[in-house]
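Note sheet for the following structure.
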Amino acid sequence: MLKKLLLSAIGLGVITLTMTEPANAAGEDTAYVFNTLLFLIGGFLVMWMAAGFAMLEAGMVRSKSVAMQCTKNIALYSIAGIAFWVLGYNLMYDGVDGGFFGSFTAFSVPDPSVDTGDYSAASDWFFQMVFCATAASIVSGTLAERIKLIPFLIFVVILCGIIYPIQGAWQWGGGFLSELGFSDFAGSTIVHSTGGWAALMGALILGSRAGRYNEDGTVNPMPGSSMPLATLGTFILWLGWFGFNGGSQLALGSLEDASSVSKIFMNTNLAAAGGVVAAIILSQVLYKKVDLTMALNGALAGLVSITAEPLMPSPLLSIIIGGIGGIIVVLAVPMLDKFKIDDVVGAIPVHLLAGIWGTLVVPLSNDGTSVVTQFIGVISIGVFVSVVSAIVWFVMKSTIGIRVSEEAELSGVDKAELGMEAYPDFSKS
Amino acid sequence: MLKKLLLSAIGLGVITLTMTEPANAAGEDTAYVFNTLLFLIGGFLVMWMAAGFAMLEAGMVRSKSVAMQCTKNIALYSIAGIAFWVLGYNLMYDGVDGGFFGSFTAFSVPDPSVDTGDYSAASDWFFQMVFCATAASIVSGTLAERIKLIPFLIFVVILCGIIYPIQGAWQWGGGFLSELGFSDFAGSTIVHSTGGWAALMGALILGSRAGRYNEDGTVNPMPGSSMPLATLGTFILWLGWFGFNGGSQLALGSLEDASSVSKIFMNTNLAAAGGVVAAIILSQVLYKKVDLTMALNGALAGLVSITAEPLMPSPLLSIIIGGIGGIIVVLAVPMLDKFKIDDVVGAIPVHLLAGIWGTLVVPLSNDGTSVVTQFIGVISIGVFVSVVSAIVWFVMKSTIGIRVSEEAELSGVDKAELGMEAYPDFSKS
Amino acid sequence: MLKKLLLSAIGLGVITLTMTEPANAAGEDTAYVFNTLLFLIGGFLVMWMAAGFAMLEAGMVRSKSVAMQCTKNIALYSIAGIAFWVLGYNLMYDGVDGGFFGSFTAFSVPDPSVDTGDYSAASDWFFQMVFCATAASIVSGTLAERIKLIPFLIFVVILCGIIYPIQGAWQWGGGFLSELGFSDFAGSTIVHSTGGWAALMGALILGSRAGRYNEDGTVNPMPGSSMPLATLGTFILWLGWFGFNGGSQLALGSLEDASSVSKIFMNTNLAAAGGVVAAIILSQVLYKKVDLTMALNGALAGLVSITAEPLMPSPLLSIIIGGIGGIIVVLAVPMLDKFKIDDVVGAIPVHLLAGIWGTLVVPLSNDGTSVVTQFIGVISIGVFVSVVSAIVWFVMKSTIGIRVSEEAELSGVDKAELGMEAYPDFSKS
Amino acid sequence: MKLITAIIKPFKLDDVRKALVDLGIEGMTVTEVKGFGRQKGHTEVYRGAEYEVNLIPKIQIDLVVKDDLLDSATSAIVEAGKTDKVGDGKIFVSDVQGAIRIRTGEKDAEAL
Amino acid sequence: MKLITAIIKPFKLDDVRKALVDLGIEGMTVTEVKGFGRQKGHTEVYRGAEYEVNLIPKIQIDLVVKDDLLDSATSAIVEAGKTDKVGDGKIFVSDVQGAIRIRTGEKDAEAL
Amino acid sequence: MKLITAIIKPFKLDDVRKALVDLGIEGMTVTEVKGFGRQKGHTEVYRGAEYEVNLIPKIQIDLVVKDDLLDSATSAIVEAGKTDKVGDGKIFVSDVQGAIRIRTGEKDAEAL
């Protein structure tokens, strides 16, 4: 079975050569345990990102939509797990062979008694599954406060069962992109941009929140209900990202792998820090005020930017890559508003734009890659995800409908769709 | 010393046979470090569940009881640690020998210099202690908003120092239940039902919150103060459960153990996902609305359900076991209200009922067990914990009193008992 | 390169002797991976403490200052990472040789391809960096609600780039204190007191919040805005502390090291529990009420107290050391108010006073140390940090100013400095 | 028309509301307020510092009624809101000159 | 001088405020309230238990105006606040005897 | 009896309350409100979008007093509530026809 290891093999050249030997040195079983442990630790850290998205989104929507946002996040993480097991995993990894998708065999993961590879199959499944869930989380933030619950969840099923695994197969499943030499270490494009494209299509087809844009082109800010929850969510995501990027080394059982994971931790942290600092400085310069939500988005943009290649850059380059991610966010957030694209939490700048940036900048530090190939990867995945997502959104829009009524939206989706309030004890509109 | 390993030995048959050899293969010291590391990682994840309970309960009580709920949770986790060290650990594990309890020697944990077993004694203590604390956390949610602080903390001392360790000795200490062939991998019965029985007895003896039930049998909902905190708490618990179930493999230092832990992660996640999805669908069907609190309870019920046997079921069976857990919750929550049992956070459906369900369903995937034995385990522990808990609650009720005055309850236990407010800046009743 | 290992070597005597052999036993590469993994796990747990401080502080300030507190915390963690990389790490560890500071070479961390030590250089950098960030977090809480953002961030740059590394070099870098035989296992003095001294100087020079103290010497309590966030923050810190203290063993790859890390986990937990229980009992005795914020501070004081020596004490001694930490907090919080030192979150009692206590009590369990040497360490670091901090605060006060206008303070720093509200949907002053 | 403003203990809201509904009153407006009165706040301790709690959470009910309902409405509030403990609150009555129902433009008595 | 008290739907606040500003009104005070009225609450289910939601979030606007602005102000509120659905709210008018601007001590008409 | 309604800056609440207590006033009711007035909101930027903040947090104090206390009470409020900056707020005075103490049923002057 080809896994993400294949990608590493292509991407990392020299280091790969020594990859199996140290495993021997440390003992094959020991390496197996270490590798498995890396997947498990990385996996639970990325799982924890689901809580991060939930808190970030709960903090960034108005209080009348908070319970819905919580509902969506716990539901989407659950659905992602089931959909990726029913269909996604095999579609992504089973017999892709340089092609466009794997097998449509339902019910993934081979019998665990055949665990004879470099790590436990179940640990790999767990690790890959949480990545898939991450892509779905991205969509939920952008479309908050106006989308109906059921159509959103249907989209999650399709995204996690079909869209994500197919494009993932192209690269991490050993499909045509990986054969072309595309490189996306931990998924700037495969996870983050994918979520971002799906969100963008949703935002375009769903439309903006009622009252969000005035006829004169000005914007009515709709401040998030809880800055501490948004901050908590960002810190959770930051923490989870050590698993996201570090775990994507896919091996821990040798001196080289352990060192690589360590460097990834360091670069990941510095890129996020660069994103925060850049966003703070730029928002101070542009608006004469530091904007906390921009700093939070900046951290995430820094993280997304370094995700395509967290290992090879020097620390300084990591700070710069992340810092530019932070700048992208500060500039792109009001830009989207210009186009009346209503992205409630800033997921499109953070995940889509910084994801593209991170993918294109890989060749700066990774000799085995080229801007052209990176571009091909970005475009092919972008087109595929956008087109399929748009079709799914359109079909649902013209059948079951994807948007709550204006009255429901004004009184809040929490009351209208869930019949509850997130903070029932506090008087508020 | 007999530990939980004994249980595994009985429960897991084939796999156990190979358990020591791989340890040799990987080097004995290496296996020792791996096993210890599993306890430490599992332990800190389960410790983190204390925060999960705190947030879940803070979110599910009305704002006038939030500070008290936080106080109880930090206090109970602290007391659990001390009580389990003073008395609990030795009572549970030291010289049970097929009997009913261990030694009453105070001050647990042998001299660490004699760490010659398969793992560090202190790491095992830490891991077992956080399980004990979990049982105590369960009680605090059910009895919220009306119980006095001090009697509650006294109950925690007795639960963690005596009740929990004694019944735990029956199985995990190598007592009579383990000799009978009872199987409870990570504690559906031993941890969750135990907490649930103690909570149920408390709820019966303490009575419902003032104004909770009308004379005509209808219920006055008392919505939780913060849905995002309840959601956060649930995600924390979900994350912690990987340590709860995964760590209960009790060994990591071999290929087989690492694979088993991985399968446990996968099954645990799928069961929780099944619980969420089932609860969402059923609440949509029954009430025409998705109820977020039911989805959250559903996740936990799924987790409790798979806890008795997270290793052997196939992924599909895990989803089903967890899903039925979710269904149990949605049906049992209003049922308890019928009986005027006021369980503020739904701990009885989640921990007691789903715990029983999970224990009884073990034989479906684990050949070495039988429904009869499982039933004996459920009943014997249930009777013991219920009777002793009821006595403790009764004695306290008729001496120091366990319930705040009605006036105190109406103005809120935060103000009445702690003299503070959880959210002093927000105007509210 | 001398690292914290040197300190352990001095401090731990016997155990050190066996330190390299087990590594051989388990295989050198294996030990390398284990040690690196300890740094990574410990590192991400300590990184998570940044979120803990953010939540604790967000919960302990009034709602009109919450967004600012979040901003400061995400910014300071980012800046700490960059400053420690630009300057701090080499200043602390590179060529200290028994002296007073390392090299002023910018841009730390050697080429990772030379990872030939006992662990990956990058993992060590990551682990040391998060300690440095912790010291900065401590300052932010004390000075909340009145300090200007930019001067605070400038102080963080200096603290993390210069002050912290220099005093750290004296001990952990192998400088004069380590040669004297000073012992501070995980940083009661080096991290916590350092942060505490810097905070104390800031508090003295900045002055108290407007309206905090009346002319008759009485205090106007300014209750924290969210008890559940403060509780969450405390639980996060408690969790992170397992990484803080456990990781400071600096090695995991042998039976002895794994056992030591386990004992550290156990002692750390018991000390925190002791702090909570002592604070609860004492606040009940003194005020006839349990004070949740004191219980939370008590947990942290217990943790700080055991940080100087979490390995050698018996469990009972750990409980006592932590418990006295809890008592110190309950007594010191009103004491500081007597002196009109306005410490918003109690960071000075928790980190400075309990840090001193923890450092001085080391000789009780660690034979290789003496009270005199411990005292020298406490004093020399205290004087250095205080003097340099005071100078920095003074210079900023008399140039750019460090305090917001009274009007800004009254309407809240969130509105005045950030132009936003933390909870815009809730009506409040 | 009269405006009745009642300040009551928060947990009495539901009882008072029901008593008014039983009288046939079809509308009222409720506000969360804090009250200062004879029910002197008590002394609390927070982080070791004593302080007086002066403002106590109360609920204010405003209802505009036709003159003939005034007495029965105030009696109903007194009846339902009473706990016989200090701090039960006050009722104030004042004149209202006009009322309009926004939806229909109906005026005065019709608007209630 | 008259006190106009308008109880409106929360999402209409901005429209009503703008309509009043267009009239030249320079001050008003806004309170978050909950309303009970003909717009009967609906039945909700929470954790399997049905219950009536009686109190619905509303916004109360208080503004004191000179007598000559009374009619235009109430009309403006009716105009801007109307959705033609039940629950649009009420306007109450009552007499105010005096006003003072705290900053300057100006009285009555000057104070507005 | 008169109803004095004062709208003040939030941080002045304690000073105003103390000033009134010094006068011998034994009761008042406090509400958190938002005010629109001459103190024009300022422009803020949130996520790159400029907007006007129109509604500014204020505190409303309602107190019913016997007629003879009216002047001293309003003076006390002006005195204690003044910062001389725009937005200090307003005092409105109106007639109250009756008062009842819920606990005892006492009426009018006795009820205060």
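A few notes on this one:
Going by the order they are written in, the chains are A, B, C, D, E and F; count residues from 1 in each one.
Simple rule for what comes next: a contact is a pair of C-beta atoms (placed from the backbone, for glycine too) under 8 Å apart; a residue touches a chain by one contact, two chains touch by 3 or more.
Here the structure is a predicted model, which means the values were calculated and not measured.
Each step here moves to a touching chain, and the least such steps from chain B to chain F number 2. A separation of 52 Å divides the Cα centre of chain C from that of chain E.
Spacing of chain B relative to chain D, judged by their CA centroids, is 45 angstrom. Chain D and chain E have CA centres that are 18 Å apart. The residues of chain F that reach two or more other chains are 31-34, 44-46, 94-95, listed in rising order.
In chain A, the residues touching two or more other chains are 27, 30, 37, 41, 223, 226, 232, 289, 291, 293, 419-420, 423, 426-429. An unclassified topology is adopted by the chain contact network, corresponding to no line, ring, star or complete arrangement.
Under the touch rule stated earlier, the contacting chain pairs are A-B, A-C, A-E, A-F, B-C, B-D, B-E, C-D, C-F, D-E, D-F, E-F. Of all the residues in chain E, the ones that touch chain B in their complex are 44-51. Across the complex, chain B meets chain C through its residues 27, 29-30, 32-33, 36-37, 39-41, 43-44, 47-48, 50-51, 54-55, 58-59, 66-67, 70-71, 73-75, 77-79, 81-82, 85, 107, 109, 112, 115, 120-123, 125-126, 129, 149, 226, 229, 232, 417-427. By the touch criterion given at the top, residues 211, 410-411, 419-420, 427-429 of chain B touch chain D in their complex. Partner chain E is touched in their complex by these residues of chain F: 2, 6-8, 31-38, 54-55, 58, 60, 74, 77-78, 81-95.
Note for the complex: chain B touches chain A at residues 22, 25-27, 30, 34, 37, 41, 45, 62-64, 223-228, 230-232, 234-236, 238-239, 242, 246, 252-255, 257-263, 265-266, 269-270, 272-274, 276-277, 280, 289-293, 295-296, 299, 315-316, 319, 423, 426-429.
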